[in-house]
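Two complexes follow with chain A in common, the first pairing it with chain B and the second with chain C.
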Partner chain A sequence: MLSNIGNSILFFNLLLSLSIIYFAFQELKRNYNFINKKIYYISLIQSTLIIICFFTLIAGFLISDFSINAVYQNSHSLKPTFYKISGTWGNHEGSLLLWVIILTIFSFLFLVTNKNHSKKYRVYTLITQNILIIGFIFFILFNSNPFDVIIPTPNEGLGLNPILQDPALAIHPPLLYLGFVGSSIYFSAAIASLLTNYSGHNFARSIKNWVLISWSFQTIGILAGSIWAYYELGWGGFWFWDPVENASLLPWFAMTALIHSLIVLEKRKQLYFWVIILCLLTFTLSVVGTFLVRSGILNSVHTFANDPSRGIYILIFLSLMIFGSLSILFKRFKSNTYNFNYNSKETFILVNNWFMIFYLFTVFLGTIYPIVTEVFYSQKISVGPPFYNTVIIPIVILFLFFMSIGPKVRWIKDNIDNLKTTLMILLGSVLINLFIFLFFKSYSLLSNLILISSIFLIISTARDAINLLKNKEYNISRIIAHFSFGLLILFIGLNYNFSSEKDFNLKVGEVKKFENFSIKFKDLNLKEFKNYKAVIGTFEIDDFKDNTKLFLSPQIRIYDNPSTLTYEASIRSGLLKDFYITMSNIDRSDYYNIKFQKKPFMVWIWISVILISLSGFLRFFKYENKIN
Partner chain B sequence: MDFYDFLNMKIRLIKIFICIVILVIIGTFFLGLNKDSIYDTKGLEGSYIGNIKLDHFNKNEIISKKNFAQKGFTLINFWASWCGPCKIEHPFLIKLNNEPSLQIIGVNFKDKKENALKFLNDNGNPYDLLAKDKFGKYSINFGIYGIPESILIDENFMILKKFIGPITEKDYIFIKKIIKDS
Partner chain C sequence: MLTKKVKKRVSFLTIFLALTVLGVFSILKTLDRNLLYFKSPSDVKADQNISYTKKLRIGGMVKKDSLKIDSEDIEFVITDYKNEIFVSFKGTVPNLFLEGKGVVAEGILNDKGFFIADRILAKHDENYMPPELKDIIKDVK
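Showing the complex of A and B:
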């Protein structure tokens, strides 16, 4: 029943998209400068229906209707209600439905909010966006349909992978998708702009908000995934350079470059084609990311199911998208030379873009390299942190320095008159680093440079903030973004260098003493929960240096559906440091393997990223106000 | 050819280059789809081990193929003092140590020397030769992806069997049988 509703809506939406494209082409023949109400209505109906469709699937999960394949595969009647709902998008089919929702709603919102732009431009955007919608609905209907029916209806579902039953992961896909899929709208707009020769300035104004919104959501979405990895995967790390993490980072780099160069296009009416390329690139990379994750071509924490036919479909779609947009771009491309003064804001923004493209290229290479070796040399390799750290870290240092100086430079041409202050700030940063160095004892030269450059960025940005407040000229979002990026790198640097870790085996009643800690394995309890059993250990941790005592209780969870063991870390977060403990059982023995970690400033890493994302939202609201 | 022709040609070349790069990437993706990406070292059974390079546990020398038994079988066992399951398999290694035609080579994996020595003191030392792999680099060449893991090879360095996880009673009997049958 539910499955029929879902299928019908999807099919109907396919027809609506086709009709929008048809009417849109009709509109192009008419001379008046407004879009026929009919198109608005169809687009509105389409958005409403796709939301209803999604709720139908949620309903299927809520009432545990196991005749629906997606529900059967990913849910279980005993699962908590919250995870029944989040299970809707926690799987391949459901998440594709989320794709289509965002594509559709963004299409409608773009149509409604850009009334002061040229009709041709809006109509072409609508057409392109609906072609994308059709592509994805096709994919859902003919390859990955969440509403597929199983006959006879199974009595019980297979359950959601336990490591996905987690609050951070429940919100992670929707947030990330708002960024990922949100970028589709400026992909479409870029195509429309090329086709209609729309002026760069107006184009920049019309997509600016969309870039900001998708960028902010992408940032916060990556964070949610990172926090999940921190406490769920049990390694104590928050970024593993896993192919899938990289897949979310690639569009982020392109978006960040875009946010910056868009300013040049808006203010100085230059870099038009570069902005277009970035728009096309961002969404293309989002689809590439989806391909890498969903096809199972790479091994990662996200490869929960492999199905080559999905891969083929996405790949065909991707190729059509790339070559379609490329042929339009090549046809319209006019080479023009930019004469930027080397000491101007434009140049510095371009420098930002070079860095972003460099990061993008590095991460892309590292991500697809295992596929290349597999295909050409039949060798299975994985590219891990050493590659990324070696290539990226030295460049980050340089990047932070440019980031500190860049924003102060004026448009068109500037003079070097603030060299003295810059040197003073640099000296200050070196001194602060020296204090940290003395306080924590030694770390590598590269780490020193990372800390110095991030402190340099923090102080420079803080100084900018004071100057801007004096001039009553607020560009608070830029300041927050740069400031918190400095904080982020600083805290990652500190965390990386001063985390400590101890691995040992203990049984109940034993005490382990090392450095200034004593860890007592107090007791072990078995508790029954609704959908799992948990072995909960209680550990008493004494820190002689701070004279503090705390209790941590890591768990080993035994899930029945599907039967899996998960190891839940127990974490005590503090402003200065996190204590992190995991335990795992050792077969046929009373001993448990205990991993104890001290991780300084974890909370500040999260806070920095939240601030970065917040800066995007702030700019969005500020920009909104300016229009009205 | 004037400047603009030159510029146009350059742009055309760049366009062709971009298309080729994208085609290569998409082609690689396509070929990659048909490959099985799940890593499994079981397939190594029956293949030959290439060059061997390991650090000696005590002395400052390198262990290579020369140090391996020229006759009979060799069991290469990867272990560490911090590894719980290693404790479980240890009695079987001790028992296997009595086999005259089996050489047991231990590779101490990412371990601290004093902990490793304490482990051997407490549980006995079954190894004819002890090597160390302090950073886990050498073990990769053996296709190790976790410890304990053991590899049974013959005198020609052919891998007869890989034991992923601790050696069990069943594995112990299996190894004894292979030695007896030869």
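Showing the complex of A and C:
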């Protein structure tokens, strides 16, 4: 029943998309300067229906209708209601439906919010976006249909992977998708802009908000995933340079580059083709990311159900997309000469873009290299974190310095007049770093440089903020973004250098002493919960250096549907440090393997990223007010 | 004659290209140094030029009755039913680490029969097998 509703809506939406494309082409023949109301209505109906379609699937999960394959595969009647709902997009099929919803709604919103732009440009954007929608609805209907029916209806579902039953992971996909899929609208707009010659200042203004909003959601979505990895995967880290994580970072680099170069296009009407390339690149990388994650071609630490036939479909779609957009780009490309003064804001923004492209290239290479060796040499390899750290960290130091100086430079041409202040700030940063180095702990040269450069960025940006307040000129978003990025790198640096970690094996009742810690394994209890059993250990931790005593209770959870073990870390978070403990049983013996970590400033890493994302939202709302 | 502007542009382009080539070269070099090769115990035995300083991953099954535990170390044998390697490990093992189940260990080879691991990988799913391991099991059957 529900599956019939869902299938018919999807099919109907396919027809609606086709009719929008048809009417849009008709519309191009007419000379008046507004778009026919009919198109608005169809687009509105399309958006409403796809939302209803999604609610149909949610309903299927809520009432545990196991005749629907996606529900059978990913739900269980005993699962808590919250996770029944989040299970809707926690699987491949449902998440693709979410993908189509965002494509459709963004298509409608772009249509209604850009009324003061050229008609031809808007119509072509709509057409391109609907071609994307059709591509993905096809994918859903013929390859990954969440509404597929199982006959006969099973009595019970297989359940959702317990590690996905988690609040952070419930909101992670929708947030990330708003970023990923949100970038589709400026992909379409870029194609439309090329086809209609609608370029320069106006084009920049029409896509700016969309870039901001998708960037902000992408940022916060990556954060939700990181926090989840931190407390759920039991390693105590928040970033592992795993292919699946990299897939979300690649479009982020492209978006960040785009946000910056878009300012040049808006203010100085330059870099048009570069902006177009970045628009196309962002969405292409989002689809590449989906391909890498969903095809199962990469060996990742994160579990995703995967199926090669999906990979082939996405690969075909991707090739068509890249081929189509590149051929339009080359047809329309005109070489321009840019004459930027080396000491101008334009140049510094270009420098930002070089850095972003460098990061993007590095991460991309590390991510796909294992595929290359597998296919050509059938050599099985993986690229570990040391590669990324060695290549990226030294460059980040340089990047932070440019990031501090860049924003102050004026458009067109600037003179070097604030050298003295810059040197003073540099001296200050070196002194602060020296203080930390001498009084707390010594660390490597590279860490010294990272800390110095991030402190330099923080102080420089703070000083800018004071100057801006004096002039009553507010560019608060930029200040927050750069300031928090400085904080982020600083806290990651401190966290890296000041963390302590120890692995050992204990039996109940034993005590382990090391450095300035003493850890006692007090007891072990078995407790029954609604959909799992938990083995809960109690540990008494004494930190003699800080004179703190605390109790942590990590768990081993035993789920029946599906039958899985998970280990739940026990974390005591504080403003200055986190204490972190996980335990696991070794081959059902009396010994438990304990991982203990003391990690300073974890909370501040999260806060920095939240602030960075917030700066994007702030600019979005401020910009919105300025237009109306 | 080349004008001053053209000369400037040519020199800029040369420097830019040189830097790009240098950059790409050093990235590839770093990549090569940080690759983790995946081997089965039989691969290790057959490989004449295997490195004793570079990290690698070894995959196979945890041999039955080979596990020894004390408060610091975990020791076990990885087997692919043809050859085996003795593994010594300090650190956290995943919950699904069991005798007779699949395992991937990451670390450094001491000699062809002795491996010092610093990380044990396993998935969160009881039925999961690393893709590499599937091939090994297929070869055996």
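Here is the rule we use: the second predicted complex is superposed on the first by the 624 of 628 C-alpha atoms of A that agree within 3 Å, B and C clash if a C-alpha of one lies under 4 Å from a C-alpha of the other, contacts with A are read in each partner's own complex, and residues count from 1 in each chain.
Following the convention adopted for this analysis, a residue touches a chain if its C-beta (ideal position, glycine included) is under 8 Å from a C-beta of that chain, and two chains touch if they have at least 3 such contacts.
These numbers come from a predicted model, not from an experiment.
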Quiz prompt | Fit-or-clash call for chain B and chain C when the two complexes are aligned on chain A | solution = clash
Quiz item: Between chain B (first) and chain C (second), which does A:Thr362 come into contact with in this model arrangement: first, second, both, or neither?
Solution: second
Exercise. Could you tell me if A:Leu565 is touching chain B, chain C, both of them or neither one (first, second, both, neither)?
Key: second
Self-check item: Per-residue contact with chain A, leading partner among chain C and chain B
Solution: C
Exercise. Check the residue A:Asn593 against both partner chains and state whether it touches chain B (first), chain C (second), both, or neither.
Key: both
Quiz item: Regarding the shared-chain residue A:Phe291, is it in contact with chain B (first), chain C (second), both, or neither?
Solution: first
Exercise. For A:Ile322, select first, second, both or neither according to whether it touches chain B, chain C, the two together, or no partner.
Key: first
Practice problem: Would you sort A:Asn161 into first (chain B), second (chain C), both or neither based on which partner it touches? | Solution: second
Practice problem: In the overlay, answer first, second, both or neither for which of chain B and chain C A:Val372 touches. | Solution: first
Quiz item: Who does A:Lys380 touch here: chain B (first), chain C (second), both, or neither?
Solution: both
Quiz item: Which partner does A:Lys512 contact after superposing on A: first (chain B), second (chain C), both, neither?
Solution: second
Quiz item: Of all the chain A residues, which ones make contact with chain B and with chain C?
Solution: 299, 303, 380, 503-505, 586-589, 591, 593
Exercise. Under the touch definition given earlier, write down the residues of chain B that touch chain A in their complex.
Key: 7, 11, 15, 18-19, 22, 25-26, 28-35, 37-39, 82, 84-85, 87-88, 166
Exercise. Flag every residue of chain C that touches chain A in the complex, lowest number first.
Key: 23, 26-28, 30-31, 33-38, 55, 57, 67, 69-72, 74, 90-99, 121, 123-126, 128, 130-132
Quiz prompt | Touching residues (chain side chain A, partner chain C) in the complex | solution = 161, 163, 234-235, 299, 301, 303, 358, 361-362, 365-366, 369, 379-384, 386-387, 390-391, 503-506, 510, 512, 556, 562-567, 582, 584-589, 591, 593-595
Quiz item: Which residues of chain A touch chain B in their complex?
Solution: 291, 295-299, 303, 306, 308, 311-312, 315, 318-319, 322-323, 326, 330, 333, 335, 368, 371-372, 374-376, 378, 380, 503-505, 586-589, 591, 593
